[in-house]
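As written, the chain order gives the labels A, B, C, D, E and F, with residue 1 at the start of each chain.
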Amino acid sequence: MSIAFKSLPDIILEPMIRNAIAEDLGQYGDITTRAVIAADTTYTARLNAREAGVVSGMQVAEITFLLIDASLQVTTHIADGQPCKSGDTLMTIHGSATSILMGERVALNFAGRLSGIATMTAAFVAETRHTTARITCTRKTTPGLRIVEKQAVLHGGGFNHRFGLSDAILIKDNHIAAAGGISAVLERAKAVASHMVRIEIEVDGLEQLAEVLSKNIADVVLLDNMETKTLKRAVKMVNGALITEASGNMRLDRIGEVSGTGVEYISSGALTHSAQTLDLGLDF
Amino acid sequence: MSIAFKSLPDIILEPMIRNAIAEDLGQYGDITTRAVIAADTTYTARLNAREAGVVSGMQVAEITFLLIDASLQVTTHIADGQPCKSGDTLMTIHGSATSILMGERVALNFAGRLSGIATMTAAFVAETRHTTARITCTRKTTPGLRIVEKQAVLHGGGFNHRFGLSDAILIKDNHIAAAGGISAVLERAKAVASHMVRIEIEVDGLEQLAEVLSKNIADVVLLDNMETKTLKRAVKMVNGALITEASGNMRLDRIGEVSGTGVEYISSGALTHSAQTLDLGLDF
Amino acid sequence: MSIAFKSLPDIILEPMIRNAIAEDLGQYGDITTRAVIAADTTYTARLNAREAGVVSGMQVAEITFLLIDASLQVTTHIADGQPCKSGDTLMTIHGSATSILMGERVALNFAGRLSGIATMTAAFVAETRHTTARITCTRKTTPGLRIVEKQAVLHGGGFNHRFGLSDAILIKDNHIAAAGGISAVLERAKAVASHMVRIEIEVDGLEQLAEVLSKNIADVVLLDNMETKTLKRAVKMVNGALITEASGNMRLDRIGEVSGTGVEYISSGALTHSAQTLDLGLDF
Amino acid sequence: MSIAFKSLPDIILEPMIRNAIAEDLGQYGDITTRAVIAADTTYTARLNAREAGVVSGMQVAEITFLLIDASLQVTTHIADGQPCKSGDTLMTIHGSATSILMGERVALNFAGRLSGIATMTAAFVAETRHTTARITCTRKTTPGLRIVEKQAVLHGGGFNHRFGLSDAILIKDNHIAAAGGISAVLERAKAVASHMVRIEIEVDGLEQLAEVLSKNIADVVLLDNMETKTLKRAVKMVNGALITEASGNMRLDRIGEVSGTGVEYISSGALTHSAQTLDLGLDF
Amino acid sequence: MSIAFKSLPDIILEPMIRNAIAEDLGQYGDITTRAVIAADTTYTARLNAREAGVVSGMQVAEITFLLIDASLQVTTHIADGQPCKSGDTLMTIHGSATSILMGERVALNFAGRLSGIATMTAAFVAETRHTTARITCTRKTTPGLRIVEKQAVLHGGGFNHRFGLSDAILIKDNHIAAAGGISAVLERAKAVASHMVRIEIEVDGLEQLAEVLSKNIADVVLLDNMETKTLKRAVKMVNGALITEASGNMRLDRIGEVSGTGVEYISSGALTHSAQTLDLGLDF
Amino acid sequence: MSIAFKSLPDIILEPMIRNAIAEDLGQYGDITTRAVIAADTTYTARLNAREAGVVSGMQVAEITFLLIDASLQVTTHIADGQPCKSGDTLMTIHGSATSILMGERVALNFAGRLSGIATMTAAFVAETRHTTARITCTRKTTPGLRIVEKQAVLHGGGFNHRFGLSDAILIKDNHIAAAGGISAVLERAKAVASHMVRIEIEVDGLEQLAEVLSKNIADVVLLDNMETKTLKRAVKMVNGALITEASGNMRLDRIGEVSGTGVEYISSGALTHSAQTLDLGLDF
């Protein structure tokens, strides 16, 4: 079955991409290219990987070029979610040189960043291979780019957390404090929440976890900033009654150990806020 | 004199920030907070640094909170462009707990990223202290965030390159090839360019540089991917006739050496595409 | 505790309201009022109920008047979610006559429609009083008004279903057919779904229900177009293993009977697509 | 001659439809369909009427599907303004199953509502068949949907009133009171009104009507909340000097009688604010 | 009575003004002022007339400054629609120098252009003083500025024609030809037109005029490109049965003569497409 | 080589053109044409010049027609930047009569205004033929139309000044006064300006000019409101050290004389704020 889940409808992506194109073109467009390159020059450009990784951003890059010039011929060779080696050609673009040069930087800025996220996610996922733990992102994404950064996490083999504040309930320490404790906060949430919305609650110790379990309201428990030993005990306490998620300082070198605790999800903000750009270039 | 140059008018920043808020609030807002926290709860929240760095994004964070709730009282303690230590309180926000929690993540996502850029820029700038070389950014910015990322470079003590494709001419290797060489491309640019627009041209060797110098048209020369020794010779050849800029693989550990060549500008895409987020948090 | 869950942040509502104001003002504004009423005339206007019901749309009406003229003094007497009798004054608006007349129709069009939905919902809810069944809406809302129509359902005492296509999984007959049956479709969903997203599946008979139960993947089952007798058997089969929701032709006169089956949720598109406008007027 | 008057240019409708699609797709699109249906599945879907009525919204439904996926093949079988029987296929859509399922709910929400308005209008019009009276709508429309609701009234055989506040003058009781009476208000309107703008004035009795007639300024008189007997006398008094419009509590069961008074237009807000959705469905 | 008819609600004007500000500020704002003027410098600036005329654009200029900086104190001394002499101060702005300099050019570009239109209109109106003829504009306005240009015509003492294509019917020669003649075209228009919409028809000779009169459908007749003698005969033929409007090559030096024919309206595209900018400046 | 520099990417122009179309279509479109012309009528329309000039706005007119109806066949016969004689056909449009009539006024309003600017610019340029002086525009453009007005100046043979406040530094008298003199202001500018931004400074006398020259920071000097004799001396003083620009009351009859002074650029706001519309018409 094809990977439809890992692509998005163009109508969702286009406003974000138009915004990025407008930002780079400015009010007057590419004054260099228009000044020095004959309007009828055509190019075949190759979007090449200069290091190995996992590809993301090809759908975005393709839309970028086509919004600028619908007559460009764009062929993707390595699709979003696939691995690439250094030197691989990910995409070929053929047509007006002016159009290709106008889109080059925007396409590369997207694809480099998104492939970086997919690549970092894949590295985290690789550490969990011996287990059934899943890697998931957070809301620590780049303002304005959340939809594509979350897709990039999927492309890297990870899973998505809630999209934003309105699609799931996640009760954190501040909520618990303000509401007067775990039992009170869970009852309040249950009283108004839609039956189509999951409820997750953050706990920082086993005592809190016990209270969460006793209420039988939450769907997911966020085990925050726990040592591996404590995590293992927490997972045991939960014993399948809730989905378990570990978070807090989840560095790559700790993922193997944490995934061995039996926790189901490991979430990391670093996937989206600290991934290194994958080195890509456009060659003519 | 105050640092007006390093802030932007609110009317420019607001659309970007509204977009980011809408992304996180989704269609229904913060369903957790609305479910569990009494509407009249008030907080005093502190935006604290959890590591040392150079601050950026305070103006953006303040606008974020005020767009969500104009009655919040926001006080900035460490302004954009100033250094911070771990534990410093950068900003205090007082008012509706619901409003503060709604804005928390957006404000942190901006401020963490921008302070990361300012901090990395400051590290580059520190390497040039013994010289008059200036650090400058590129167009390798996050799509949609260029205005604030370029400000963050200023906050770190760097300088800005052109904003986008329409405010300056930068002739690269592809342009030179398509136009039939350096002399031809410079003449074409001169023939149509506004007198208010600077012309920069990229060269990859001293022979090209000699041709650029002989034409006396360009304002700036981009010395691309040169070894330090070659850079030194290039600067000497230019001898003040043009502004010199070095680019290509400008890692932090090379900046000191490069700035010693006498080159006036050193540009690095890493400042904006590979800065690590500065660790900030909101404490109640 | 105040009803924060039943209000929305202004920043979410404003674009929808601006759009409605622009629609009514047209390109030239209220040419009647500007022609015949002196600019300094002030009014005190009362938004009155002309029939009994449950109020919704007061927050929207207030924002409408304030977007047109921030100097208007708007006081809400009967808040969203409260019952009203014929003759009750819901809101008082004091200030420029021109401004009030400009906002009158937009405010009434919103408030009449939304109060109609709240009132119809309350009638459905009243039929469930002897049980713990909850009334919920669907996606059969007015294009462009979903956020406020779903709030109106809350104001009437109902609950919300998923907001749209992206915040929960709801597997319908077409999906089941295309995917090759219930087991296959549930496994596919589980393989990719976020742990923060609920999965609901529609069944039209007890055989399908048995298969759903055996897979232990779904959170919610939609019991579609079943007779009351069948519904009762279905609820018994489920026995708390899943959340149960009844839908399909849920007319007011059937709600009492259906809620007696033990089903937890009863969903009705009629709440939003066929509610009668509540008769409201603005009196000066 | 074709019914161009009853359709609108796509460029006017598209922003409204894009808004509705964005509302339903949310930030992540149709996560159910993408998860469980293979991306290359194709469907032929039929938009069928499940009750008899007058069709409206086919142009809007077609644009909806094509904005989501320009490669869909959409054929309209029963055009806007034509009657349908229960079971009739109004439109066929062929192509990507994913695309059709993404557009289904938005298309149905529009078409059901608009066909409901056209159907109710046709019922009103049928009551006037023995006369030359025309049925017309008001500004009591759904916020954001006025353009298509007014079209739906045309599709049902009715006529449109002014679009909004800026395209015609309609002087109501509050205007008369504030301006110091009928003569004064009409003179003020005449003093500034464009010659391309009609002037209508509301009267609630024959004395006011006499004053309106004596001024010879208005084009149209709104006979508000009059009994049939009074209406008949009013029409006689006017004797063709003005266009006559009856309004106020114009229920379907009264239209035949009212249209027999010789009044030229009968306006009803119920057409747009209280029409029942026509039952339509998409079958695969 | 105050001149409310000649001002527009801010909510209508703001999007146009925001667009103009964004155009001038560009992506980075006023880099000159931010670079060289201390952020806390305050100015009192005077918007002065450098030639005599009729003022328009003060409302727009005030909104411009306040959108840029809500803390500016703006006082209008000579309101829209009033005459000014060379040297008159029209408006005073006090506050941040940076803010005033950012808004200066946008405010002047609007006010100079609009005052030019008001001034030219007043010159046309002066030529009609001995008659009851009214001067009116056309749709030959600057794309994007129609609302304020039509207001400027009011400020100059003129009247407005229809706003655009959707608020009145104006049947021109091409419509007549395509529909098969005057009688046919008028009957088609009558068959579908709203009773709230005026119908105007263009004629280029007395024969056509006679046909228009015989149909008794149109409200207004456009007497196009007629010599004064013919115009006089046309007005006589009409004899008050229709509103008369003369158009086509209505130069200032011909207005006196044309207004003497008894024609009620004289329309001129030159008012909006060829008015000279009034010379205004901002002095500190 | 083709004139790519004088055209703009469609993606930049479309928002401005959509805005203009929306303004003219209003909320309901062309009610005249839809009422009286059969929907399947086709036309061939010719956009003809009714006076001689230089053409601009053909790209904009073409986009206008195609945005309204992508099936129209549009052929440009005389491209932007080319001269036309009275009677020349500039463009042919073939297709739906309704579509052509909907776009007619917007296309003509753009093309008439822009061709007027190109024509006036060409007249200025003609006066400089005996020299190397270049004619350039200012920021005194129509709000919202700067991009196309600046293109029109190029089409007339002129050059562009900076686009807006953010793409170049232009230090005026107020800046100099506020910063404490020419030397101070130039040093401040140099301290923060990007190396990709030109610095221009206005001087009103030779003493100021001497100070500018002595600082060796500015790229361009604006010689404001100088008599021809003084200009000549200024150019001599500069002696190629800076680019020279003359401004202030640069009427057509003075251009020949001014260009003879050796000044390199002559800027005139009149090109964009006071050009007469070129008389164009659409004939069927």
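The working rule: a contact is a pair of C-beta atoms (placed from the backbone, for glycine too) under 8 Å apart; a residue touches a chain by one contact, two chains touch by 3 or more.
The structure displayed is predicted, hence computed values, not measured ones.
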| item | value |
| --- | --- |
| Where chain A and chain B overlap in contact partners, by chain label | C, D, E, F |
| Common touching chains of chain C and chain A | B, D, E, F |
| Interface residue identity across copies chain A, chain F - same or different by half | different |
| Taking each chain's C-alpha mean as its centre, the one farthest from chain E | A |
| Over-half contact-pair match to A-B, picked out of the listed pairs D-F, C-D or A-C | C-D |
| Centroid distance [mean C-alpha coordinates] between chain D and chain A, Å | 45 |
| Intercentroid distance (Cα basis), chain E paired with chain A, Å | 52 |
| Cα-centroid distance, chain B relative to chain F, in whole angstrom | 32 |
| Mean-CA-position distance for chain F and chain E (Å) | 23 |
| Residues of chain F touching at least two other chains | 1, 5, 23, 25-31, 33, 35, 37-38, 102, 146, 163-164, 166-168, 170, 188, 192, 197 |
| Touch list for chain A against partner chain D, complex | 1-5, 7-9, 11-12, 146-147, 150, 163-164, 167 |
| Parts of chain D lying in touch with chain E, wherever the complex brings them together | 1, 5, 134, 136, 154, 159-163, 166-168, 170, 188, 192, 194-198, 200, 219-220, 243, 245, 264-265 |
| Residue numbers on chain F that touch chain D, as the complex places them | 18, 21-22, 25-31, 33-35, 37-40, 67-68, 98, 102 |
| For the chain C and chain D complex, residues of the former touching the latter | 16-17, 19-20, 23-33, 35-38, 41, 97, 101-102, 105-106, 108-110, 112-113, 139-146, 163-172, 174-175, 177-179, 185, 188-189, 191-193, 197, 273-274, 276-277, 284 |
| Complex interface listing, chain D residues touching chain B | 23, 26-27 |
